[in-house]
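Chain lettering (A, B, C, D, E, F, G and H) follows the sequence in which the chains are written, and residue indices restart at 1 in each chain.
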Amino acid sequence: MMEKVASYPDSLTEKKFHYCPGCTHGIVHRLVAEIMDEMGIKEETIGVAPVGCSVLAYDYFDCDMHEASHGRAPAVATGIKRVHPDKMVFTYQGDGDLASIGTAEIVHAANRGENITTVFINNAIYGMTGGQMAPTTLEGQKTTTSPYGRNLKEAGNPIRMTEMLSVLDGPAFIARVSVHDPKHIRQAKKALRKAFRLQKEGKGFTMIEVLSTCPTNWGIKPQESLEWLEEYMMPVYPLDVYKDIEEVE
Amino acid sequence: MMEKVASYPDSLTEKKFHYCPGCTHGIVHRLVAEIMDEMGIKEETIGVAPVGCSVLAYDYFDCDMHEASHGRAPAVATGIKRVHPDKMVFTYQGDGDLASIGTAEIVHAANRGENITTVFINNAIYGMTGGQMAPTTLEGQKTTTSPYGRNLKEAGNPIRMTEMLSVLDGPAFIARVSVHDPKHIRQAKKALRKAFRLQKEGKGFTMIEVLSTCPTNWGIKPQESLEWLEEYMMPVYPLDVYKDIEEVE
Amino acid sequence: MAEKQLMKGNEVIGEAAIRAGCRYFFGYPITPQNDIPAYMARELPKYDGVFLQAESEVAASNMVYGAAGAGARVLTSSSSPGISLKAEGISYIAGAELPCVIVNIMRGGPGLGSIQPSQSDYFQATKGMAHGDFHLIVYAPSNVQELADLTFKAFNVADQYRTPVMVIGDGMLGQMMEPVEFMEPIDPDELPKKEWATDGAKGREKNVINSLALDPRDLEILNERLQDKYKEIKAQEVMYDEYKMEDAEMAVVAYGTSARIATKAIDMAREAGIKAGLFRPITLYPFPEQELAATTEKIEQYLTVEMSAGQMLEDVRLAVEGRRPIEFYGRMGGMVPETDAILNKLQEMRGE
Amino acid sequence: MAEKQLMKGNEVIGEAAIRAGCRYFFGYPITPQNDIPAYMARELPKYDGVFLQAESEVAASNMVYGAAGAGARVLTSSSSPGISLKAEGISYIAGAELPCVIVNIMRGGPGLGSIQPSQSDYFQATKGMAHGDFHLIVYAPSNVQELADLTFKAFNVADQYRTPVMVIGDGMLGQMMEPVEFMEPIDPDELPKKEWATDGAKGREKNVINSLALDPRDLEILNERLQDKYKEIKAQEVMYDEYKMEDAEMAVVAYGTSARIATKAIDMAREAGIKAGLFRPITLYPFPEQELAATTEKIEQYLTVEMSAGQMLEDVRLAVEGRRPIEFYGRMGGMVPETDAILNKLQEMRGE
Amino acid sequence: MNEEVIMAGFGGQGVMSIGQLLAYSGMKAKLEVSWMPSYGPEMRGGTANCTVIVASEKIPSPLTTHPNSVIVMNLPSQTKFVPKVKEQGLVVKNSSLIDEKIERDDLTIIEVPANEIAEELGNTRVANMVMLGAYIAEKEIIDLDIVKNSLANVLPERHHGLIPLNEKALDRGYNLVKEPASV
Amino acid sequence: MNEEVIMAGFGGQGVMSIGQLLAYSGMKAKLEVSWMPSYGPEMRGGTANCTVIVASEKIPSPLTTHPNSVIVMNLPSQTKFVPKVKEQGLVVKNSSLIDEKIERDDLTIIEVPANEIAEELGNTRVANMVMLGAYIAEKEIIDLDIVKNSLANVLPERHHGLIPLNEKALDRGYNLVKEPASV
Amino acid sequence: MAEVKDKTEVQNKKMVVDEERCKGCGLCVNVCPVEIIENAEDRINQNGYHPAEIKPENQDKCTSCTQCYQICPDVCITVYKE
Amino acid sequence: MAEVKDKTEVQNKKMVVDEERCKGCGLCVNVCPVEIIENAEDRINQNGYHPAEIKPENQDKCTSCTQCYQICPDVCITVYKE
């Protein structure tokens, strides 16, 4: 008999993802679902879906799900968590959602040490709306709203939310990971699992920034996207653990 | 004949301040006005007044002034500066204004390296509205919305905006100063002058956080407020230059 | 418990909410309603409730969205500019059909305006709060006792219809003290469980709180459900009050503080031989349209009095439909109508 | 220049704005209006203008506030939820009496809703945009050429009255392509200098842009000035259009895309022997109230058609004041009215 | 009966408290009452004032344009409010701090050296109670005992130790009117 | 004349471009025109479609519930739109990708092996032009020359090098209808 | 669980693709260390994609390393070990 | 500029307080190194504050160090040097 060694996680519903071919949103969904499976928490978890390509995340995760308005997932999650402090609450947000319109909400959820986990998908672009510049868009990167390439003089530098939030006292764990190859995917999962575990232990705010691709709006093929991520995004967004309450303690 | 060595600056109007007795908002107003005098820029400066006790700053500074909605002074200033890049533009904001409701606006103005100067009055409380907890309120400090003292578990740690914004690439100069005694007032002025000069030179975003008092809502006398600031605020908000483009260059 | 207390309107809101089983408050300071968060900050911990000062009204609105979705009775309060910031979130709450209570203690506008009492957010509260076809149930108490009763009721009605409910007052009502008697408190643990809430999918299908529909027809179906709900609310929930209307020939239409002030002018008018009465909408939405329309049988002239440029006036006109003349007297920017001026206006209309 | 171009509605807005001398755009992406910022990002640099993608609609609204205060012709655009977020800032802009142009390319609501075309922000645009007694002038073009003309006009009118002006369309109008001819461009440097702007107090008294008044009477005076302005606007700026109204016995009242669709139904009705016509408000505020009221002389029945649950309907009722029956046909949530359905409705009303 | 009184003074003079005390006492006495503070932007140094209405009928408006009475604790208050008092109305005036004469001659004017009396009692902060005592004596709408019994309901718990002092201050003001000789 | 046509296919098949080309050509021919894309949430992998109306009178609605014609580039499009075509209407069908029969028998159906022809021309991406060519030939509302002359107005500058290829593709489609023998 | 997932066991393959879920992105193709995955040239699924597959002759070469599962953004792959 | 500012020169004082601006906060009192500033006990200004003053007999002691000017939140102080 054959033994299953890797298969569709229980914490995902049957719905097919609507993501474009090769879009790594799906990998991150799977990782989160696997963690829910492994921790056995899908019946005690409430996920908060953002406004962004992952807006339909509420269709995919097989746990209670709550829509947020654009950028406000951390506030919505705060509302939920304060009502159910014993439940697991996570937000899943894009870079437009978290690093632009939702800046105040993520900063203050982090600063309060709100006991939630944020999965932050940095794909250096607004995917959902058709490829506008994000605060995380790279220098020179062309988007529909930076048609001549991002100009730092006008638009500023790509913002590093992970570094910025790690300065605060509230977060228990913040790390940046990537999902451009299986090795990094495994590391990403490790980081995500730790974030969920720390939440379970009531340690405070945790966030995992995941470098992710948007083949459609980057205008390149899925495989090239993984390479572009590694070559261009990683130097600007170094992978590392930026805050770890367990190392301090 | 006697020679004037210190007198009412030209860049302040005749209007009496409405601030409470001993409130250090007035000191900072004077410093900013003196710098306008010394740089001879009052006819080319546009100030942006916040919503907070200093809402009437537009009555006091003898230059063009623009009201902002609560927290959005950096956005208003951005609008002005983009129209008049050759003019000097500053915002004057409280801690509720800048560190709470206006978090996204200050983070992004800073990140864009918007060529404006922000004077940030941290008095660890909402003065204007009668003494609510600010994000900068100290641990255990009693306010009308933290009647049992600020509880870090519920409300998070006092936020250090200066440290947080200094992580970004956009800012040219960020420092924290205090105005609780003449020596520090002189240092504060030096920092403010540098911020204005760097703006003049087009170097990007500059911000000076000024530790300030609110005798009324702290519920103590003006002199005691200066002491409280020194004793309790300064350890939580260390004075220093946190970002200086000139040191890097 | 049934003993009368002398309390400030704002604090009464807090107390009535707690008695209605509300254990969650998310808000952001703004004058003239700061006593509400202060009261909640002081009292909620005594009930193991949560007071959280949000980073902004936008965040507060979305915390309410989350907490309401999670099944709680939840309150937020603000004043005019702050309500404008909550608008997007309120649209989501309405779209996701969640119950919650929102208090607006109005001040003068537009912009930063003034902190003095005003009623210039009527349109916002009853019509164009935000994008999309939705309504709030809007209660407009005119004294502190009514503030207590309607705040209490608001939570029940919100749950009943799964809809956000607004209690609207002005700075004066929020700041004044009057005697008040409270309802018996409700224990939130005894309230019926909300089967649709996001509180963990143990032993059931997952719940989703949502206002998005990719297919516009699905969204239309949601909208049809909302419209049916509003029809039901119009049929069931209209509230209004009359004062000396039995034999009145002229009616003042006013709500909230303006209505209180008008009663005095009406007494004065009666003394001066004018048969005036007061028609006071208590629900601004649903507006007592039919009830007001019915008065056109006997009433010859109407005077609408508001602390605004004339907003409810449109609903009065919609009810009266041109059958009788309607005049308007309003003060703006934080100014309060004067009894003398109302009286004068009534006399003038009478051709006196 | 006068040659016709085939252009998308959204891009036409951008081009018309630039021709009207607008050199500043602050906005935040949202479907279905993303071609506007994209166009501005591409074109404005060619004119030394500034395109800035703000961190949010709230910020964009306040950037516009600053730029308008600083004397510029400035544009922002968004769609329904984004407009809700701009509301507070718009109230400030109106309170400070600043000119600017705001575009709302409406989508289905409430909440996140859908991105399909809708007209359910009528109330928001014309009545309760935000706190306080203020109005925007609201233009509702119904084809791409009109989009160009009204956007262009909006900047002039905004400056003339020192008031924010909204151009409102729906996703369909924004997305469609039609031939368009543009006005001759205005050189912004040749526009009259705004003496009140915050552009540095060289050689003059300082200027202050502000909406706050500590004394409520001062705020009332500002409000009176605003109301006077609105009265003037009502007298001067009403725009509407009629189609086959000369001999009509039934009138469809509709604006924007709904109005286009209605014309076809009207043609069909005429073929079926029903004398129908179209009354199309072009300014939603000021609503052509008197002009519509005047039609009650000949029109026997009205049908209001909207992509909403019936919002303009209230303004139609206010104009008709019960003198004639008014029916309503609307679609919601991104659904578009069908010509057949309008025709049926007309026939039904005719008792056919 | 419909008594409308405005109480005004500097920020710290306790006019809000005596207003609440009067309103509370009225409620205890089964009368209709309302208390309405002025609330300006939180800008200090101005005058504070409140309007109290005590009536036998429902109170239409908690505000009044023409009060029956005013209690003025300082000069700006006198300047602002005395002109608004109804004809034949009452002014209770803190003569310790107000030298300026009142021009109107239709009014009943009670001069109360409130600060001096309070100082005699050992605490200037009860000057407000002295003023209220005088007002109660003159108006006779509520029993002084009810007022005294209401102190515990109105003063914050931490000041309950000061109730006897406050009662004494009320008495002194009351007696000033009732037994002017004895003062 | 009032021609309402829906063009539909997979995302990359260029239906939007031929729609714009038809509308532009109509404009050049002094006709009234409108072009209206479907715009869904930016979720990929679905079908894209646009509605073009070319008319001699003003166009009331840029949408149509019952088009006179459809151009379908793939099966889902055929499934979705063919049932909506007006009676006696026209279907131009990409027979390279669609095997499925059309059940309705009132329609004029033109089968265009567009991908094959485009491949012959060396670039599958001009399959859309082949389809349009066939449509133009069948409908005869606009001269083929006007369509060709409009290419430069509609194609992005960087593709202007491909204009001759596009013209060839238009011709091939056109001739397929006009001179079926010659194909 | 999708019915399709269990087809494999019957088929006795080590790596099975849920073909209707697959979007043919090719990421699994690139990641397989033994280079046995390809996008089926001969067929498309209902959404028009060429699904990933391992030709029968290559099934044996699969090491069950799960790399393909890890990278697949649409979670179409199940991997078995003997 | 306020008229009052020039009164001083006439008065020939080194440190002059704009008494109507002064809020009697006492910060200048505390900061003066030679401890010559006090809040006038005998008078209040229009706003009810006891303005800061230097008694005539102490005027000479002023070192014109400007500390009082620096700390004054209401910018009421002008300092002269001989």
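What to note about this one:
Just so we're on the same page, contacts are C-beta pairs under 8 Å (C-beta built on N, C-alpha and C of every residue); 3 or more make two chains touch, one makes a residue touch a chain.
Source: prediction; values computed, not measured.
The minimum number of touch steps separating chain B from chain C is 1. Distances between chain centres, each the mean of the C-alpha atoms, put H farthest from chain D. With each centre defined as the average position of its C-alpha atoms, the distance from chain C to chain H rounds to 53 Å.
Centre to centre, using the average C-alpha position, chain F and chain G are separated by 37 Å. Averaging C-alpha coordinates per chain places the centre of chain D 55 Å away from that of chain E. The multi-chain contact residues of chain D, meaning those touching 2 or more other chains, are 31, 50, 52, 55-56, 58, 81, 88, 92, 96, 111-112, 210-212, 214.
Residue positions of chain G with contacts to 2 or more other chains are 23.
The multi-chain contact residues of chain F, meaning those touching 2 or more other chains, are 40-43, 45.
On chain D, the positions that touch chain A within their shared complex are 28-31, 34, 37-38, 41-42, 45, 50-53, 55-57, 81, 111-112. Those residues of chain A lying in contact with chain C across their complex are 13, 42-46, 48, 55-56, 58-59, 62-69, 72, 75-84, 87, 104-105, 107-108. Residue ranges of chain B in contact with chain A, taken from their complex: 100-104, 107-108, 111-114, 135, 152-157, 159-160, 163-164, 167-170. Residue ranges on chain D touching chain F, taken from their complex, read 4, 6, 31-32, 115, 171-172, 175-179, 257, 260-264, 267, 336, 338-340. Those residues of chain E that touch chain C in the shared complex are 20, 23-24, 27, 33-37, 39-42, 58-63, 65, 153-154.
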